[in-house]
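Chain nomenclature is as follows: A, B, C, D, E, F, G and H, assigned in order of appearance, with residue numbering initiated at 1 for each chain independently.
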Amino acid sequence: MSDETLQIGELELHSRVLLGSAMYPSTQVMLDCVAASGTEMVTVALRRVSPGAKGESLYELLHRAGVHILPNTAGCYTAEDAVLTAQLGREAIGTELVKLEVIADDQTLLPDAAGLLQAAEELVRDGFVVLPYTNDDPVLARRLEDIGCAAIMPLAAPIGSGLGVRNPHNLSLIKERASVPVIVDAGLGTASDVTIVLELGCDGVLLNSAVARAGDPVMMAQAMRAAAAAGAAAFRARRMPRKYHAEASTPAKGTPWR
Amino acid sequence: MRARVNGAERELSPGMSIGALVNEVAADAKAVAVALNRAMIPRKEWSAVQVQEGDDIEIVAPFHGG
Amino acid sequence: MSDETLQIGELELHSRVLLGSAMYPSTQVMLDCVAASGTEMVTVALRRVSPGAKGESLYELLHRAGVHILPNTAGCYTAEDAVLTAQLGREAIGTELVKLEVIADDQTLLPDAAGLLQAAEELVRDGFVVLPYTNDDPVLARRLEDIGCAAIMPLAAPIGSGLGVRNPHNLSLIKERASVPVIVDAGLGTASDVTIVLELGCDGVLLNSAVARAGDPVMMAQAMRAAAAAGAAAFRARRMPRKYHAEASTPAKGTPWR
Amino acid sequence: MRARVNGAERELSPGMSIGALVNEVAADAKAVAVALNRAMIPRKEWSAVQVQEGDDIEIVAPFHGG
Amino acid sequence: MSDETLQIGELELHSRVLLGSAMYPSTQVMLDCVAASGTEMVTVALRRVSPGAKGESLYELLHRAGVHILPNTAGCYTAEDAVLTAQLGREAIGTELVKLEVIADDQTLLPDAAGLLQAAEELVRDGFVVLPYTNDDPVLARRLEDIGCAAIMPLAAPIGSGLGVRNPHNLSLIKERASVPVIVDAGLGTASDVTIVLELGCDGVLLNSAVARAGDPVMMAQAMRAAAAAGAAAFRARRMPRKYHAEASTPAKGTPWR
Amino acid sequence: MSDETLQIGELELHSRVLLGSAMYPSTQVMLDCVAASGTEMVTVALRRVSPGAKGESLYELLHRAGVHILPNTAGCYTAEDAVLTAQLGREAIGTELVKLEVIADDQTLLPDAAGLLQAAEELVRDGFVVLPYTNDDPVLARRLEDIGCAAIMPLAAPIGSGLGVRNPHNLSLIKERASVPVIVDAGLGTASDVTIVLELGCDGVLLNSAVARAGDPVMMAQAMRAAAAAGAAAFRARRMPRKYHAEASTPAKGTPWR
Amino acid sequence: MRARVNGAERELSPGMSIGALVNEVAADAKAVAVALNRAMIPRKEWSAVQVQEGDDIEIVAPFHGG
Amino acid sequence: MRARVNGAERELSPGMSIGALVNEVAADAKAVAVALNRAMIPRKEWSAVQVQEGDDIEIVAPFHGG
């Protein structure tokens, strides 16, 4: 992976922002956010069709927007459900990509480590490009990579909480041991959260609530695009060292009357 | 003949194929996938597979998700 | 002041980044950073000329770069020195603008409140457009505004420390009571610091060490430009509310097998 | 005649004007400002003001600063 | 000042907790908190007597409790008011001690630097043992010490906010330059805030809302006593160094099957 | 479990501090720390005996000190090793208690979730009182409780790092869902870390490096005892609410000259 | 004779001393201090000082404060 | 007869019991536990169990640990 791109399986993305498609005030706002964020990959869920529903055409809307569609397994509480949902997603959308979620319980929406590993293993074996939503445990992250996942998607904070990076130390540990991309998913709330994630050296972010539930989603999408660019550039630029005490920026030499 | 379609019991004509059922249930069959008794049925088999009494069928499509 | 511009006295700036001109590896890197940051205002110090020195042409270089030049009073430890230095700056550069520094001591490089107020008062009376470098005391900030300063420049952390925003609460208090722009000066270390400052609602940042002393100053300048854009947009977009507990982004309705 | 110029004692020709001194000291008089005994002397008065024995003169210009 | 005591003027206190006397559910709870906290010094305000009011006997209650009474100048917005109030306090209570407050405005309740310096100077000249409530500006703290104040009382956060230490960096800078005791006043909300303050090397705390407005004030007073002891001991014990990576505590040598 | 005690299996402890026995400058210092901390439970490892070694008498020393001995499974990288080591500990010490560690790798010393669950299940079935060292994943914590563990021992930060509580949010989530005691193990560095843990409502801490590697271990042990008392009391006392803005503690009513 | 006592206008007997006023106003004169026209009057002068028409008198005591 | 004791190959007298080995290896048999070929041997069986050629024996005791 070059400094400039985010490689997921065979794909080379130039944007470091992945976007969810839920909770926008309207479909048009969603499409405007897709455009404003510069994203090249948008997640979708698999849900029952309803006769006459408009929902079905989400595929076409996103397809026309020119983005990659990343089906998720949201709502799955067992490895079995997740594997089956992944297969439905592949069939419906014609992609090997899957954002794998195996949720432990309704209250925390945190991943179930055992179920996640089991489902990831089956899906990798079945040829999927697996992007697992995981907690921020560096050990689990490593296991997922060892199994053959194409990226690791640790959370910043619980889904939909907008609390920002609760444990930057763990994200750093995950990143420093990973050779696949680390894309922080869940819990980001505003632009600086995204900048911080990228400054830690992580490779991308997956955003949904932070954009869709902002006062002005399209402007927030734009903010997120800039925030990711800022963080990625700052990481590559290597920040100045921190000093405990002040250090003059203007040189004293040549100061008059001294 | 009764079967469970997307979580609801439903009366279907005997011998109905998955393909026919999808056409009835989904506004647009594009980007749709089907699970029959918790196994995914590839689109190319839809016309060949007939729904049986008591089958559990899920017909899904991409939806807004995060 | 519109949402889109930063008004300082009569000037309307479109960039929210002000840049210092010290400590770059070379003059060319400085100029590249000026360009990459998108800044429209660059600070300079007043120092003794030396025969044959190249330093004198800094004025011309910045002038040609098309930016406003903001002379500072760095190195002044008394109101009297600061006022005189401001006058020299006005004469040398032909600008009413002055970044006013009255430093208390070498060790902290923190402003001396009493001297700062006195110098600001004299300079405002003398027609200057005064941008005082101040600590993060909301009371002092208000006094400076009452005196007629054109902006307030509170610190994030000690000069050159790169520690980032030590006390966001104080910056918020300053901003919520200010009717002139609040430009955070000193102590910022990386892009996310800038995003955070703008998300607090502050109007701009003045950067020097964070850019000049980064591993790759030009790339950091670019990061800072994006970071400011990100923070300003995020502030205007109004971030999502924080939740203590998880909240599903993908709706549960229509989930198969449930 | 001796005066202090930019912090250093210096021998100057009697009757030398500020303007002449600036031209001698500064590579380029552009964007230069002068303080004489801690008072700023506007550029337009440079030629009229003569340096006196013991004067303290600072000749400054924009320099790299933060 | 020994490690074990807190020296204020001539007094040697063995407790590092000073306590305010306001806002308790009842006078009895206040007295119980005084006892439970182990404090040896309690602040009072000067207020107009009212015929038949019980308030007047506060002096006697505290006197009988065996604590030093520290009159404050709360409610003073000018140096002149503060000096006069300090004189009234000295006359009423018969103590040279004064907790000096010169408040800038009702909204922030932050100190007014100029008024504080002026009043402190007058009171020191008049023989008072001055404990000034100040912001966390290391420069102002130094000025107050230079003037002859007996201690420095920087805030942790705005009065009554309970936000805890907003800027530990500034408190450290104040402490490392101070040769009089540093007693953190205002803004502390719970026991860990107190422990943190003492671990920074500060010499004491002044608490009021955090105790009086807790669910169970007496239990919180007890918590504060322990918290101060914990922080003071931890500071003197010199904490272990921080490590970025894990480091086994149990030695590997002698592990079976390896 | 009453507010006042920490119940582990059948045991009722009055101290909330558990102490490790490694890395002290001397055995005597260790014993002094045991006394100073007030602990009633001390962890030990199982290691190969060596002829003539002094190590063997650790059992007797701790026994004589009157504390419960908690054997750990430090150094075990598989469930099988951990179970066997637990059995050795039970046999050697004659206790059902075991601090269960199943470590994922040398670099992070983080627990291996799968191995931990497996070993915990076997040991509970075999009659052990299992205290598992776990990460801060609320889901894993719940699984361990469901299996029948007697307490949950989540980390604050990596073992031996002294970084303090990296993710208070996760510890809160763990505690609010737990009906067995939550004892924070690993990563605590100083007294305020302990106070914070107890204020979050957790039931105890297990300390080793923070005490043994302090400049003055015995004084730090004493600090930790006070810190735990402070945090537990503060939690029970229910802290004051936080306010964004200042709120006067001294009432304005009756202020002279107003 | 009218004076301002603790912020309220009040009718006082002519020639009344500060000490007498304190006894009237305060339940207990212990730990009380008095300012007359913004100057502190020491307790030992209370009996000697007489209130004048238009005086501004503050009589204060320790009160709950933080 | 050779066996592995605490990770090191060692020559032992044939027929040696676990108990005898413990007494040889440990300064003090108190609070000691033994694993033979990765199975814990309770103390009460020590005297009855004889070490066999090639056995892997671990003799452990409480040690400083966190």
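Keep this in mind: contacts are C-beta pairs under 8 Å (C-beta built on N, C-alpha and C of every residue); 3 or more make two chains touch, one makes a residue touch a chain.
This is a predicted model, so every value here is computed, not measured.
Path length between chain E and chain F in the touching-chain graph (shortest route): 1. The most distant chain from chain C, with centres taken as the mean of CA atoms, is H.
As a whole-number value, the distance joining the C-alpha centres of chain B and chain E reads 72 Å. Between the CA-based centres of chain D and chain G the separation comes to 66 Å, rounded to the whole angstrom. Chain F and chain G have Cα centroids lying 62 Å from one another. Within chain G, the positions touching two or more other chains are listed as 6-7, 35, 38, 58, 60, 63-66. Looking at chain C, one finds that residues 20, 22-23, 45-48, 50, 72, 74, 88, 107-108, 110, 158-159, 163, 169, 208-209, 244, 248-251, 254, 256-258 touch two or more other chains.
Residue ranges of chain D in contact with chain C, taken from their complex: 6-7, 24-28, 30-35, 38-40, 42-43, 58-66.
For chain B in complex with chain C, the touching residues are 6-7, 35, 38, 58, 60, 63-66. On chain E, the positions that touch chain G within their shared complex are 20-24, 30, 43-53, 55-60, 62, 69, 71-72, 74, 80, 84, 87-89, 91-93, 159, 206, 208-209.
Across the interface of their complex, chain C is touched by residues 104-105, 107-108, 110-114, 117, 135, 137-140, 142, 157-158, 163, 166-167, 169-170, 173, 177 of chain E. Contacts from chain C toward chain B in the complex involve residues 248-251, 254, 256-258.
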